[in-house]
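There are two complexes below, and they share chain A, which is joined by chain B in the first and by chain C in the second.
Right, the complex of A and B next:
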C-alpha cells in the first residue's frame, strides 16, 4: 500500500519531455527521416554501450579515467589544504602571498593547458597536474575562508585554556572550518571530473572515457559519443551524490547542538 | 588565574580597534604596496633564473620577453583583432543563452506546471558539463562559429535559468497578493512586480553567467578555432613561443576580471533604487 501511494504521489511529469524526445529520436532514425550516420538510433547507442561493457573496453576506459581523476584529486586536495591552511593561519602569509594567489585565480583553468603541455609534455603527468590544479583552487580558497570563519571569542577561549597548537587545530579550527572545508572538497570533486574530461581531450591519447568520446567524434561514431556522454554524466552525478551524503554524514554533529 | 584572561583580552581588542579605525592613509598605501613585493620578487627571480641560464628561456620565457611580446601584439593590432573576435563570440553566445535562460527561467517561475515538466530534464542536461557536450555538438554542427555560440550559450543559460527561477520563487507572497488585488494583467505583473523583485537574483545569475561564458569561450577556442585569443595561445604553443602563451593567459585573466567587475558596477547602479533607508 505504502509503495502504491508513493508511486501515485511521485511526480511523473518530469519524464514526459525525455520520453517524448526519445520517441522522436527513435522514430526519426527508424524511418530514416535523418541520416543515421549523423544521428545514431537509441538502439545503436545501447548496443554500442553493451558491446563496450561486455568487451571490457568500457571498464578499461572508465577505470583509467577514475584513477587519473583520483590521483589529481588527491594531489590537488593535499596542496590546497596546505596552502589554504597556511594562508588562513598566518596573517603574514596572507599579506605577502594572498594577492598573488587571488590574481592567478583569475586565469581560466583551461588557459593553463598550453603552458602545462610545454612543461610536462602530453602524457599522464601533465593530465594529473592539470586535474590537481583544477582541484587546488576551490580547496585552497575554502580552506582559507573556513579557517578565517573561526570566531575570535572561541580563539580567545583556546588561548585562555592554553591549548597547544595541535589541540587548537583539533578542537577549535577543524570543527569551525569543517563546513567550508567540505564545500571546498565537494567543489574540488566536481572540478576534478571536469578536468579529467578536459585533460583527455587536450593531452595525448590514452585510455579514458573522454578520449573514447573524442575518438568517436573523429571516426564519426555518434553512438560512441552518445554513450560516452551518458557515462560522463552518470559518473559526475554519482560523485556529486557521494560527496553530498558523505558531507551530510560527517557534519551531522552540527545539527545536535 | 581567573583575572589573567581579562588582562590579556582587553588590550588585544583595543589594539585591533585602533589599527582598524585610525590607520593613516599612508599606512594603508604602504600595506597595499607591500602586497606587490612578493610578485615583484617572484618576477625578479624568474628573470634572473632565465638570464643566468638556470632554466631555458624556451621553457620559461622571461618577464621581459613576455612584456615585449605583449607590447608588440598591442601595437601591431593583432591582440585587439584576436580579442575582438573572441569578445564578439562571447557576446553572441551570451545574448542567445541569456534569452533562452530568461524565457525558461521566467516561464518556470510563473508556471508550476511548466516547471514540473521541464525542470528535471533541464537539471539532467545541466549536470553534464559543457565540456561533455562538445564532441556531440562538433558532430552535429561542425567546428564553425555556431559551435562556439552554442557552447557559450549553454554555459550561460544554466545559471541564468536557475537564478531567474529562484528569484521568482523567492518573491514574498504579499507582493503577488497585492498584484492580485489590483487585478494586474500578466504584462503588468511582470513589469511592475515580478521583474523588479527578482532582479537582484537575476543579476547575480547574469554576472555568474558572463564569467562562465568567458571560460567556455576559452575552452572551445583552445579545442577548435583558427582565430581568437585561445587560438593565439594554441599557435604560440605549437611554435613553442611560450611568451605568447603567457600573454594569452594574462589577457584572459584581465578580460575575465574586467567583465566581472564591469557587471558588478552595473549591478550597483541598477539597484541603487533598492537601497534600504536605514
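Right, the complex of A and C next:
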C-alpha cells in the first residue's frame, strides 16, 4: 500500500521521453536501422565507458577538465566580484568604467579566442583565461545589479540606526545583493563548464574530457564520443545541483513565505 | 513659560523641481513638551510626513530651526527613533536580530543587548517570536517589531509616520490601544503623523491640524482628557467632529 502510494505520488512523467529515446536508440542499433559507426549502441557506449573508467583514463581526463574548470571559475569569480563590487559601490567607478564594461560585454565570448591565443598561446594559461572571461561577465553584472538593488526604504533604516559603512555592507548591502550574487555565481558555474569544453576544443590538446571526445571523433570511436557527451552532461547537472543546494542553504530567509 | 523640549521655529521646506522650488512646508512653529504626545493630522500632500522626516533627520529644512533640548537637529541620531508606515524590517534577519540591529553601536555587552531586545519584544507582546522571520509575521506583528526597534535605543523622541495606516481596522484599533499603554509606561515624547482624526484625538495630548499646498499648521487643538481614553467618550467624539469640520470646507483638502 505504502509502495503503491509512493509510486502514484512520484512524478514519473519526466522519465518517459528519455526512456523512449533509449528504446529507439537500442532498437535502431540492434536492427541496423542506422550506421553503427555513426551511432554506437547503448551497450557499446556502456562498455567503452566502463573500460575507460577501469583503466583510469576517464578519471585523468575528467580531473584535468575539472581542475581547469575550477581554476578558471575561481579567477573569473574573483575578478567579477571585485569589478562588479567596485562598479556597484562607487558612482564614480560607474561613470568612468561602466559604459566600457557594458559595451565590451556585447562581444561574443568565442570572439575573444584569437586575441587570447595571441596573448597567452594555446596552452593552459589561455584555457584558464578563456574560462575566467566566461565567468567574469555574469558574476560582475549580477554583483553590480545586486548591490544596486538595495531598497531605499531599507537604506533609510540603516541611516536612522546610524550603521557604519561596514555594518551597512554586512547587514544591508550583502544580504540585499545575495540573490543576484548567487544568480551570477550560478550562471558563472554553468558558463565555466561550457567554456571548459570550448577551451579544450579550440586550444591545444591536453588531457580533458572534451579532448577525449575529439580524439574519439578522429579515430571514429563513436562510443567514446557518446560517453563523453554523457559525462559532460552529468557533470553539468551535478554542478547545477550543487549551486542550487548551496543557494537554498544561504538564502534560507526567502523560504518562509 | 518653560523652554520647549522639541522646538520647531519658522520651519520651511521646499523641494527643488525642474521648474523651480516647490514649497511643501511653510512657517511651521511648534513647541513640544517633554513626555508629550503630539498628533499631527492632515490630508495627503499637507507635508506631514516631510515634517517627520525633518525631525528624524532624513531631510534637511530649507529654512528655520529644529531644536531638541536646544541642540539643532542635524542628520539622524539614536536620540530620535522612528517607525515608518511600512515596517521596513530586514527580511534576512530574524525578529530578534532586527531589533538587535538598532543596538549595533550601543556600548553594551552582548548579554545586555539581548536582555534589552527581549524586554522590548515583551513590551510589544511578541516574546515568543524572537526567532521568527519577518515574512512569517502579519502586518500588525511586523509593525510591533518596528515599534520595538524604534524604542530599544531608549530615544528621547519617538516619531511615528502613519504607523498603522496600512493595517486593517481591527488590528489598527488594537495597536492604538497598545501604543497608548506603551506611551504611558515609557513616558517617551512622541510625535504621531496620521491621516486618521480618530487616531489623532484618541492618542494625542494635542492635535496639530495641517492644511496643504503649501503645508502649514491650521490650528492646534488641546485634548484635555486623561489617558488611557475610550474611543466612545463623548468629549472625544465631539473633538473629532470639530476637527473633521476643518476638512469639510473644501473638497480638495478632504482626508484620504
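The working rule: the second predicted complex is superposed on the first by the 234 of 257 C-alpha atoms of A that agree within 3 Å, B and C clash if a C-alpha of one lies under 4 Å from a C-alpha of the other, contacts with A are read in each partner's own complex, and residues count from 1 in each chain.
Here is the rule we use: contacts are C-beta pairs under 8 Å (C-beta built on N, C-alpha and C of every residue); 3 or more make two chains touch, one makes a residue touch a chain.
Since we're looking at a predicted model, the values are computed, not measured.
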item	value
Partner chain(s) touched by A:16 [first = chain B, second = chain C, both, neither]	first
Touching partner for A:169 - first (chain B), second (chain C), both, neither	neither
First, second, both or neither for A:253, with chain B first and chain C second	second
Touching partner for A:160 - first (chain B), second (chain C), both, neither	both
Of chain B and chain C, the chain that contacts the larger number of chain A residues	B
First, second, both or neither for A:66, with chain B first and chain C second	neither
Touching partner for A:74 - first (chain B), second (chain C), both, neither	neither
Which of chain B and chain C A:97 touches, first, second, both or neither	first
Touching partner for A:178 - first (chain B), second (chain C), both, neither	second
Residues of chain A at both interfaces, chain B in one complex, chain C in the other	156, 159-160
Contact set on chain C toward chain A in their complex	56-58, 76-78, 81-82, 84, 86, 88, 90-93, 101-102, 104-105, 133, 135-136
Chain A partner contacts - residues on chain B that touch it in the complex	4-5, 8-9, 12, 31, 34-39, 42, 59, 113, 116-121, 124, 127-129, 131-136, 138-140, 214-215, 218-219, 222-223, 230, 233-234, 236-237, 240, 242, 245-246, 248-250, 252-254, 256-257
Chain A to chain C touching residues, read off their complex	153-154, 156-157, 159-164, 167, 171-172, 175, 178, 253-254, 256-257
Touching residues on chain A, where the partner in the complex is chain B	11, 13-18, 21, 38, 95-100, 103-104, 106-115, 117-119, 156, 159-160, 193-194, 197-198, 201-202, 213-214, 216-217, 220, 222, 225-226, 228-229, 232-233, 236-237, 240
